[in-house]
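Here chain A shows up in two complexes: once beside chain B, once beside chain C.
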Partner chain A sequence: MSATKAVINGTEIKVKAGTTILEAARQAGFEVPTLCHHPELTPSGNCRMCVVEVEGSPRLVASCHTPLAQGMVIQTHSDKVLAARKAVVELLLTAHTGPCVNDSRASACELHKLAAELEVGPPRFQVQAPRFYPVENDSPYVRRDMSRCILCRRCVRACREVAKKGILSMAYRGFQSKVVFEADDPLNSEQCKDCGVCIEFCPTSALSKPVEEVA
Partner chain B sequence: MPVKQLLSRNCGKIDPRNIDDFIKAKGFQSLEHARSTMSPEGVIEEVKKSGLKGRGGAGFPCGAKWELARKSKGPNKYLICNADEGEVGTFKDRYLIQNDPFSLIEGMAIAAYAIGAAKAFIYLRAEYHYLKGLLAGAITQSEQKGFLKGLDIEIREGAGAYICGEESALMNSIEGKRGEARYKPPFPPTSGLFNEPTIINNVETLANLPLILGKGAAWYQKLGTGQSKGTKLFCVSGDVARPGVYELELGSSLWELVDGQAGARDIKLVQVGGSTGRVFPADRLDTPLAYESVLGSGAVMVLDQSRDVVEFVHRTMKFLNEESCGQCAPCREGTEVMVEILGRLDAGQGVPGDLRTLEYLSQAMMLTALCGLGQAAPLPVLDTLEHFRSEYENRIGQAVFIRSLKALGA
Partner chain C sequence: MVKKQKAKARDALLGMIKEQQDSQGHVSREAMEHLARSFSLPLGEVYGVATFYTFLSTKSQGRHVIRVCQSMPCHLKDSGQVVDWISQELCLEPGQTTPDGRFTLEVTNCIGACDQAPAMLIDDVVYGGLDPQKVAQILRSMD
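So, the complex of A and B:
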C-alpha cells in the first residue's frame, strides 16, 4: 500500500493509504473525541462528535469514517470545531430525562465526560417533551433504560458484529428513533441470552446488568 | 429571456401511452445515433462539453460523474433514475413522466450505454403510484420496439419518506434497508447500490440527454449562462395567479418567472428550492435562476404580504423535523429544538435569547450534519432572520409586553 501524506495541526504526517483521519490524528498524538465510534465496530458517523476542519471543505468532516486524502490540511481543535462539538454535546444532553449528573450509574457516562472536557454546562436548548421510556428490567441479561439512550447505535452494531446475533435494530424515525428488539417488543430470553455484549459497548447507562427489584 | 419548449417539446403534443407518436416526433433518434456512431466515452465527452449539471438540486456536472462510474471497476454497474421528487413544491418530474415518459426512457438508455450499465432502476415516489402503469407501459413498448437491447429497467416504489430522495438513502431503500443517508466517501460512482458503481440522475437530467445528443453539445452550450447550460423546468406554487410548470432558459430572473409568467402580486417573499431552499424578499427578485446564484430542484413558492414569516418558517421546520431520519445527532435533535423555539415564537411565547440560540444552532447543524437534509434545514431560518428579522423581534417584543402586563396583574 502506498502512503498518504497530510498535515494535521501543522504537523506533517505520513500514514498507510486508507487510514481514517481519526486514526491518523491519534497516531500523531492528537486526541479527537468520539462517541458513536468504537475501534471494534464499523464506523457509523451518527454522533458527529469527531468532526474536524479540512481546508477547502465548507463543512466540517467526521473523522471516524473519512479516509485521509493526499495533501489534506486538517485542524482538529480550531475554534470552529470546538464550538460545533460543544453544540452537539448540548443537543445530546437536551433530550435526556432526569438529572443524570447526580446518579451513581452516570459516573461512567461517556457523554458526561465529554461535556466536562468541552466545558459544556446546562444545555441552552429545550425540547417540547424529552424522550421517556419506562425501564425494562424483564430480561435476565440486560436492563434497558432507553430514556438514557443517545442513539449512538453501538449496541446495534455490537450485537451484529461482535455477538453475531443482530437482533437489535433501529425503529421509528427522527426524534422518535429508538433501538428496538423485534417490533419494539420486550427483550425475550430465547433470542437474547447468555451474552450481554451490548452492555460493554453502551457509552451511557442505558444498558446495564439487571438489578434485583427490591420487593 | 423567453419561455422555451425544449424539454417540454412533446408535452401535450404526443400521446404518452403510444410509442408511435413519440417515434414520429423524432423519438429514439438520439439513442440510435449515439449507439451507432459514438463510443460510450464519446457520449460522456459530448455530455461533458454540453455543461449539463444535475437537475435534482445538488447540481453536480453530469458528464464528470458518468466518467467516474465508467472508469470504476466492477462486474455490475447500475443506473438509477431518481423519480422520488420529494422536495416540497416540486412537480416537474411528474409533468415529464405524465406527458413524455419516452424521453426519460431514451435518456436512461443513453446514460446506461455511456456508463456501461445493464440494469437500471426508476425509483418512483409512493405518491406517484398512479403513474406506475403509464411508466411500465412505456418501458414495455420501448422493449418491444427493440430500443432497450441489453438494458433492463425496473420500477421500484418508495414508501413516502422525504429522505429517500437523497441518493444514498434512496439506494438503501432499493436494497431493502432503512432509508438513511450513507456517509461519503465512498461516492456512488465508485461504490453505490449493492456496493457497485452507480449513477443516480434526476428525471429532468435524463430527459435532457436526447436533446443534447440529438442537437449536439455545441448547440446546447449556447443556452443559459457561463456555469448553467440549457433550460430548466420550474414549479411555481403559492400566491400566484397561474401556478404550474414553466420552462425557462437558465439565467432568467426570478422576477420574470413569478411576476411575468405566473402572475404574482404583492410578493412578500419567494422560496426557491423547496423546504430547505433559499428565501428571497420582494426587493431581491432580480436574482437570476442559475447554479451560480440559486436553483435547487426548481421549486419556487411565492408568499404574498398576507403571510406570516414566523409561521411559515415554523411550518417548514415541522416538516423537516418530521422527515429527519434520526440517524445523526445534529439533525435529529437539532430540528426538534428548532421546532420548540419556532413553535414558541409562533405562539407568542418567545424570549429575547431565542434568535441568538437559533443562529448558534443553525451554524452547528450546517457544519456537522451528516447529509443534505440536516445541513440545509437551517437555511430558511437564517435567510428569514437576515431579511425579516424585525418580524421575529416584533413577535418577541409583543410576547414580553404581554407577559409583563400579566405579571402586573393587568
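So, the complex of A and C:
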C-alpha cells in the first residue's frame, strides 16, 4: 500500500493511502471535533463540524469524508476554521434550545458538549418558528423527541449499517426535514424491535429509551 | 454486479413516482408501497423522495393547484403576503385543499419567474407581478 505524505498544523505526516483527513489528523494527535461522523458508520459530511482549512482550496473541507491527498497542507485549528465550527454549533443550537438545558436526558448531548468546548454562547440567530414535533412514545423500544433532532442522520445510517434494518429514512425538505419511519408513521413494533441501536448512535436526546410511566 | 443493477433501479424511482403523480394527480400510499416493494426499498425511502419535491404530492389535490414561489427574489418581494391573500380569499392554509375540491394551495421553490416576482403558478401557467386585486381576479376567473 502506497503512503500519502502531507503536512497538518506544520507537522509532516505519512499515512496509508485512502486515509481521510480526519483519521490522519487524529493519528497525528490533533483532535478535530465531529458530530454527524461516527467511526462505525459511512461518513456523511452533513454537519460541517469537522471542517479544516486546506491550502489552495477555496473553501473549508469536511475532513471526515475527504481523503488526504499527496502534499496537502492542512490547518485544523486556524481562526477561520474555529469561526466556522462555532457558527455550525450556533446554527444547530438555534433550532435546538429550550428545555434541553435543564433536562437530565440532555446531559450527554454531544451538541451541548461541543458548544461548551468551543465556547459558543446563546445563538445570535433568531427563528420565527422553531421546529416542533410532539414526543412519540408509541414504541416500547424507542422514544422519539424529534424537536431535539439535529438531522445528523446517524440513526438512519446505524439502522441500515449496524442494525441491518434500514427502516429509518429522511423525508421532506429544508426546515421541514425529518427522520421518518415509513410514510412518517409511528414506529411499529413489528419492524422496530429488540434493538435500540439508533439510541446509542444519537448524539442528542432525540432518541432515548422509553421511560416507564409512573402511575 | 448485483450492486450495480440495484443502483440502476434506484435511479428510475423518481421517474416512476412522477408517472404516478401525472396519471393519478398524486402519489398515494398504495402506490408508494407498491414502488417500495418493486424497488426493494423501505417505504420511507420512497416517501422521502415523494415529499422532497414540491411538484409531487402524497395527498390528493384540487382541480387547480396554486404554487406560490417562496425563493429569494419572490421572498424579498413579499411572497408571504401573496400566500396570505390567497389564504384569505379561499379560506385555506398552504398544503390544504378547498372543501369543494377547486383549489389546492402550495408553496414552492424557484419557478424561474424571478423577473416577475412575486410570482405563482396555477397548474402550468405563470402569473407574475402579483397584487391583491390581481390575485383575486385570477382566482375568480378559474372554474
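In the analysis below, the second predicted complex is superposed on the first by the 212 of 215 C-alpha atoms of A that agree within 3 Å, B and C clash if a C-alpha of one lies under 4 Å from a C-alpha of the other, contacts with A are read in each partner's own complex, and residues count from 1 in each chain.
Simple rule for what comes next: contacts are C-beta pairs under 8 Å (C-beta built on N, C-alpha and C of every residue); 3 or more make two chains touch, one makes a residue touch a chain.
Note that the coordinates shown come from a computational prediction; the quantities given were computed from them, not determined experimentally.
After lining both complexes up on chain A, report clash or fit for chain B versus chain C.
clash
Quick one: classify A:R59 as touching chain B (first), chain C (second), both or neither.
first
Quick one: is A:G166 in contact with chain B, with chain C, with both, or with neither? Answer first, second, both or neither.
Second partner only, chain C.
In the superposed model, does chain B or chain C contact more residues of chain A?
Higher number of touched chain A residues: B.
Quick check on the superposed pair: does A:A183 touch chain B, chain C, both, or neither? Answer first, second, both or neither.
Second partner only, chain C.
Output check: A:F132 vs chain B and chain C. Expected answer is one of first, second, both, neither. What do you get?
In the superposition, A:F132 contacts neither chain B nor chain C.
So which bit of chain B gets in the way of chain C here: 201-209, 309-317 or 381-389?
Clashing stretch: 309-317.
Taking the two structures together, which residues of chain A meet both chain B and chain C?
Common interface on chain A, chain B vs chain C: 169-170, 172-173.
Under the definition above, what is the set of chain A residues touching chain B in their complex?
Its residues touching chain B are 43, 45-49, 51, 59-60, 62, 65-67, 80, 83-84, 87-88, 91-92, 94-95, 124-128, 150-151, 169-170, 172-177.
Would you mind writing out the residues of chain A in touch with chain C in their complex?
Within the complex, chain A contacts chain C at residues 166-173, 180-184.
Quick one: which bits of chain B touch chain A in the complex? Just the residue numbers, please.
Going through chain B, the ones touching chain A are 161, 178, 183, 185, 321-330, 332-337, 339-340, 343, 353, 357, 360-361, 363-364, 366-370, 375.
Quick check: in the complex, which residue numbers of chain C touch chain A?
29, 32, 42-45, 47-48, 51-54, 58
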